[in-house]
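The following blocks contain the structures, represented as structure tokens.
Next come two complexes built around chain A: one with chain B, the other with chain C.
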Partner chain A sequence: MRNKNWKQILLFLAPVLVLFVAYFVYPLGFVFVTSFTDWNGIGAMEFSGLDNYLGLFGDETFRTSLGNNITWALVLGFVQIPLAAGMAMILARKPKGWKMFRTVYFLPNVISQVALAMMWLAIYNAEHGILNSFLELAGMSGLTRNWLGNMTTAFPAVIIQQIFYIGYFMIVILASRMGISESYYEAAEIDGANIFQQERHITIPMLKGILITTMTLALAYGMRHFESTYLMTNGGPAHATSVMGILLYRNLGALNYGEANAIGSILIIFGGATIALIRWLFSRNDNTSDSVQ
Partner chain B sequence: MSSLTKELTLVDILAKIGKWFYILLFLFMTVVPIIWLTISSFKTNFEFETQPFSLPSVWQFQNYAKAIQMGGLPRLFLNSVIVAVSTTGLNILVSAMGAFAISREKFRFNEALLNVILAGVLIPIIALMVPYFKIVSTLGIYDSLPGLILTYAAINIPISVFLIHGFMGSIPIELEEAAVIDGCSFAQRFTKIVFPLTKPGLVTAGTFMFIYCWNEFTYAMLLTSSESSRTLQLGIRFFKSQFVTDYTSMLAAIVITMLPTIIVYIFLHDRIISGMTSGAVKG
Partner chain C sequence: MRTKRIILILALVLFALPGMIWAAGGQETGDQEIVLKWPTIWVGEDSKAATVAALVDEFNEMYAGKYQVVIEANPDYDAYRNKLNSQIAAGVVPDLFVFNPDPTSFSFYEGKDLLMDFSAELAGDWGDNFVSGSIEGATIKGETKSVPFEVGYTPVWYNMDIMEAAGVKSIPATYDEFFAAAEKIKAAGFIPTSQMTGGTNAWTSMLWFSHIAASLGGPKVWDKPITDPVFVQAAEILQMMYADGNTSKDAVGGDAGVAGGHFLAGRSAMFINGPWYIGRVRSDAPDVYAATKIGPAPGAAFSGAQIGFPQTNLAAGYTDDPRKKEAVVAFMRWMTKPENVKAIAFDSGAMFAVKYSVAAGEKVDQLQAQFMNAVNDASFVNSHFQFNFTTDVVAEFGQALAKMALGRATPEEFVQQIADKIR
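The block that comes next holds the complex of A and B.
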């Protein structure tokens, strides 16, 4: 059956379709196809099979970057989400000022990564950074160092500044937590369950769906993490903080388009595989999480 | 609830201490640095170096005047406003039209089409740097504001369609059926009924768009090269070299770049938060 308004429907859909095809469908195909070529963007593409991929996995810098993205994913998924869930559980019990805290914790999420990165550069700075000033003030001047220039501290320093920006995940989890009926908690209270037992046996099972969803998102964000690392260290020192996006951007700048797109393909595939894996893991033994989109 | 009659147990005390420690730790890590940055932007450079934790003895408002002059802020600011406002308008119009057709009309593939568009959220946009660079160059809009506007508007179609489609779903279709009987055309159903009724949703989606555009950095860096098409976020990357000797004026410039989204957030935070959670309930 054909809708009698089909001409107008097509007219209304045309702009969104054109943009979606130009910026999602076509680029995806383009990235995959050209990842099997040797191409500098100007000359002819030469089919090179798996050369780009073999080259990447044979390159230690790439392996480090991939490993760092995986670390980012694991930290965001398994440290940041529990932290965000913990805050959601606290605020859901409406302590004094909880609405204000909710608003304030989200504030960094509306500030640009550039401004935040420059702020953290000022904090971690070796000469006049406040982290060092703070340590000196606290009588721990032995601990002061060039946080972002040091091979062992650079990567943790870049990760830690992001972990506390829980705003988005916290708000999403909090909204679900507020949807749980108070009567469960009242009943548990009467049965003598303390706060920790209540959270453990009521909140966590009931929020399973949203926790898996946010965890999946956080893992996917970690696999594609790029911006704040690029802004703070550009992958240094000596690739200690490097991530795949940084190598992609460098290859693009060096006109190695084939290799850049091979990295892009790996980013897309690993991101998709992460999402598929976590959903499979959590839905294997039970079907309560099937409601999760 | 029953705390009046109940004795405080050790667990309760632990929970209370733990709770406030947790709340304060996160305040310390998320907001205190921003406050420190803002206070520091009013200091002299000497004060900043020697007394990093004190309040400025004299508030140096001229840091802001210097930041505006030295960094060429007015031009950068104007570029960012142009990009953010145009992108928001373009993206919301296109997404609202698409969402309208998908949500109000039954045709073959309309569910499938919606799902394909929404799946765009899952794609890591940074993986598509090369094609975006190529598309924008081919269209002849490399290093121009239209290049950024088109790219930002397109990248955010999945999220906007998701939000707007959700809002449109809550408008009863009977309103339009009645209007059709009164001789309302397809386009008029959109312009006279659905678009006005979806306004709260459009404002929420538009707020997200504005904040995204204002803060976007990666593609601003990739798709522009000259100073005339630089946005604020890109511009402050160059402040480090412009303000070598005047660190606190650079901090003032950073504060200026943060202000617009913070102001938007202060006025619209309820709407932003409810916009995020409306998605979450479905997600």
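The block that comes next holds the complex of A and C.
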């Protein structure tokens, strides 16, 4: 049925549509099209077919970076979110000092990522870092090492510092958890359910939508991860911590725009596929999900 | 009807607003004053910041109502470079800017109507201000689309207090002497060399590698392919500098802050950087400043080499507005005026492609004087690795070096990893 107010609707939509096309659709299309070219951003573009993509998948550094991004996504999605959810469930029970803990966990989200990275660089430093000093004090000198300069420990070291920043997702889940009526828990308690049973059979099912949403977001963040790795290791040592964002950034710096845009396209495709996969996994056989993604 | 009009006016304002904002940020203000925006890295804690700001103020005062240069602070060098690349690729070239002359940045010259060509102006008396060969170095196919400005020389900085405490009497003349000295320095409780594999270019180690390559391969070493045995041999020596405690534990993965920090703190005995670092050492580590001796790296088949290169060129976005071009040239001439360059040089310790004279009574910074002597005494001057390769190859240097330093690659594999990155 045709809406008789279509002119007004169109008028209101037009500014947003124009902005959406100009700042999202057009750049996206431009990135995708130029990913099939050999272009330095200044001279003429030369069509190179799939060369950029074939070159990337044949490059060990790119494969490592892609693998690292997938690891980031899995860790953020399946470790950070359960940690955030667990903490939200604990705080929702309002133990003593819960407001302070809520603030403390959220605090890193209002601190610059650069400042946090500098702090972790100081913690991990091989010469005068707190971690090595602590290990030495504890009589475990054998465990001291150059945490960010060792190919075995660098990647876990960067990931670990990020995992514990659960504040953002914790607040989102906590807000949703606070919306669940206490009467469900009171009824369960009368029926003899302990805390774990209450969380298992009341909280988790009722938070399913927000858990899927936060997990999707975390997976997407993992696929596009860049900041802390760039600031802490710049992808090193020997590409051990490299992610696709760093390769993209490096190619932009070298004016390899064709290859940079191929990486950008792969990032978009993998990011989109990850979101689609997680949505499909969690929402099949379920028509009740209220996730917003 | 009234509602429709209001909606229409609102929509028009919404569309017109970005245009109005853009227009307000245009190039001319007031009574046809030409405003030139200059995003620059010489701000904040940079050793040239204060004098550069004073010179800009003086220029603005001199041309009040006619020209005005507005500094836009970009204190992060890498971010500045990447921002510039993106802007230029998008065809939005700043009125004034600076860049590191290297194969990647020189590709800016390829763009039609991207950069202003100064060849006609430099052919006149203005060109006489510059050190011989520097304008040629900024000229491609007859076009001089940048003005040579800062040059870099990177000899070795020796902390003689540490050397003497370790019983090392003189700076090592060969690599055998170097490693013998390193043993004594370690025994005295110090770190022999500052190194780094991190940052965008593994700067300090890249310079060590360039020095070693010059001493092994001579003045034409960069004409050889990177897989040449000379570079493999240079890699072997660099690998030894990372072994057996010859550098700090945080060198692998460390950045310029790590390498420079150990030298500033008086922990490491040998370090490499350019003259722009003099101001920092003088202010932050006066004891180290007093103990520093500038000299060549150890020699091998060739001795007494120095590493020198154009460090920063001044450039401007192309314009077909003759008044704007006039303003740009006036500012470029002002910044490269010998007495102004001398002021920056004396204040920061940096060295320039512009000639200036030093009167008998004028006191030159003692480290800067040592730099000048080191350059004058050099048997030959080679450029560094970074000057000869694109930025992605330079970035690969640090990654390949880390792999070799960690024992995961041989010197042959190190050079091959770099060679694989060359397009």
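Heads up, the rule we're going with is that the second predicted complex is superposed on the first by the 267 of 293 C-alpha atoms of A that agree within 3 Å, B and C clash if a C-alpha of one lies under 4 Å from a C-alpha of the other, contacts with A are read in each partner's own complex, and residues count from 1 in each chain.
Criterion: a contact is a pair of C-beta atoms (placed from the backbone, for glycine too) under 8 Å apart; a residue touches a chain by one contact, two chains touch by 3 or more.
These numbers come from a predicted model, not from an experiment.
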So, on chain A, is it clash or fit between chain B and chain C?
clash
Mind working out whether A:105 is in touch with chain B, chain C, both or neither, as first, second, both or neither?
first
Which superposed partner A:119 touches (first chain B, second chain C, both, neither):
first
Have a look at where A:40 lands relative to chain B and chain C in the superposition and call it first, second, both or neither.
second
Considering only touches as defined above, state whether A:57 meets chain B (first), chain C (second), both or neither.
neither
Applying the document's definition of touching, compare chain B and chain C: which contacts more of chain A?
B
Would you sort A:231 into first (chain B), second (chain C), both or neither based on which partner it touches?
first
Does chain B (first) or chain C (second) touch A:150, or do both, or does neither?
second
Which of the two partners, first being chain B and second being chain C, lies in contact with A:252: first, second, both, or neither?
both
Applying the document's definition of touch, where does A:78 land relative to chain B and chain C: first, second, both, or neither?
neither
Considering only touches as defined above, state whether A:239 meets chain B (first), chain C (second), both or neither.
second
For chain B, sort through 109-117, 217-225, 253-261 or 271-279 and name the stretch that clashes with chain C after the overlay.
217-225
Take the contacts of chain A with chain B and those with chain C, and give the residues found in both.
8, 12, 15, 41, 249, 252, 257
Show me the residue ranges of chain A that touch chain C in the complex, using the header's touch definition.
8, 11-12, 14-15, 18, 40-43, 61, 125-127, 146, 148-151, 154, 233-239, 249-257
Within their complex, state which residues of chain A touch chain B.
2-3, 5-6, 8-9, 12-13, 15-17, 19-20, 22-24, 26-28, 30-31, 34, 41, 86-87, 90, 95, 101-108, 110-115, 118-120, 122-123, 128, 130, 133-134, 137, 164-168, 171-172, 175-176, 179, 186, 189, 194-196, 210, 213, 220, 223-224, 226-227, 230-231, 245, 248-249, 252, 257, 260-261, 263-265, 267-268, 271-272, 275, 292-293
Using the touch rule from the top, collect the residues of chain C that touch chain A in their complex.
4, 7-8, 11, 14-15, 78, 81-82, 85-86, 88-90, 104, 107-108, 110-111, 114, 197-200, 248-255, 262, 390-392, 395, 398-400, 402-403, 405-406, 408-409
Across the complex, what residues on chain B touch chain A?
1-2, 9, 11-12, 15, 19-20, 22-23, 26-27, 29-31, 33-34, 36-37, 40, 48-49, 52-53, 93-95, 97-98, 100-102, 105-107, 113, 117, 120, 122-124, 126-135, 150-151, 153-155, 157-158, 161, 186-187, 190, 211, 214-218, 222, 233-234, 236-237, 239-240, 247, 250-251, 254, 257-258, 261-262, 264-265, 269, 272-273, 276-277, 280-283
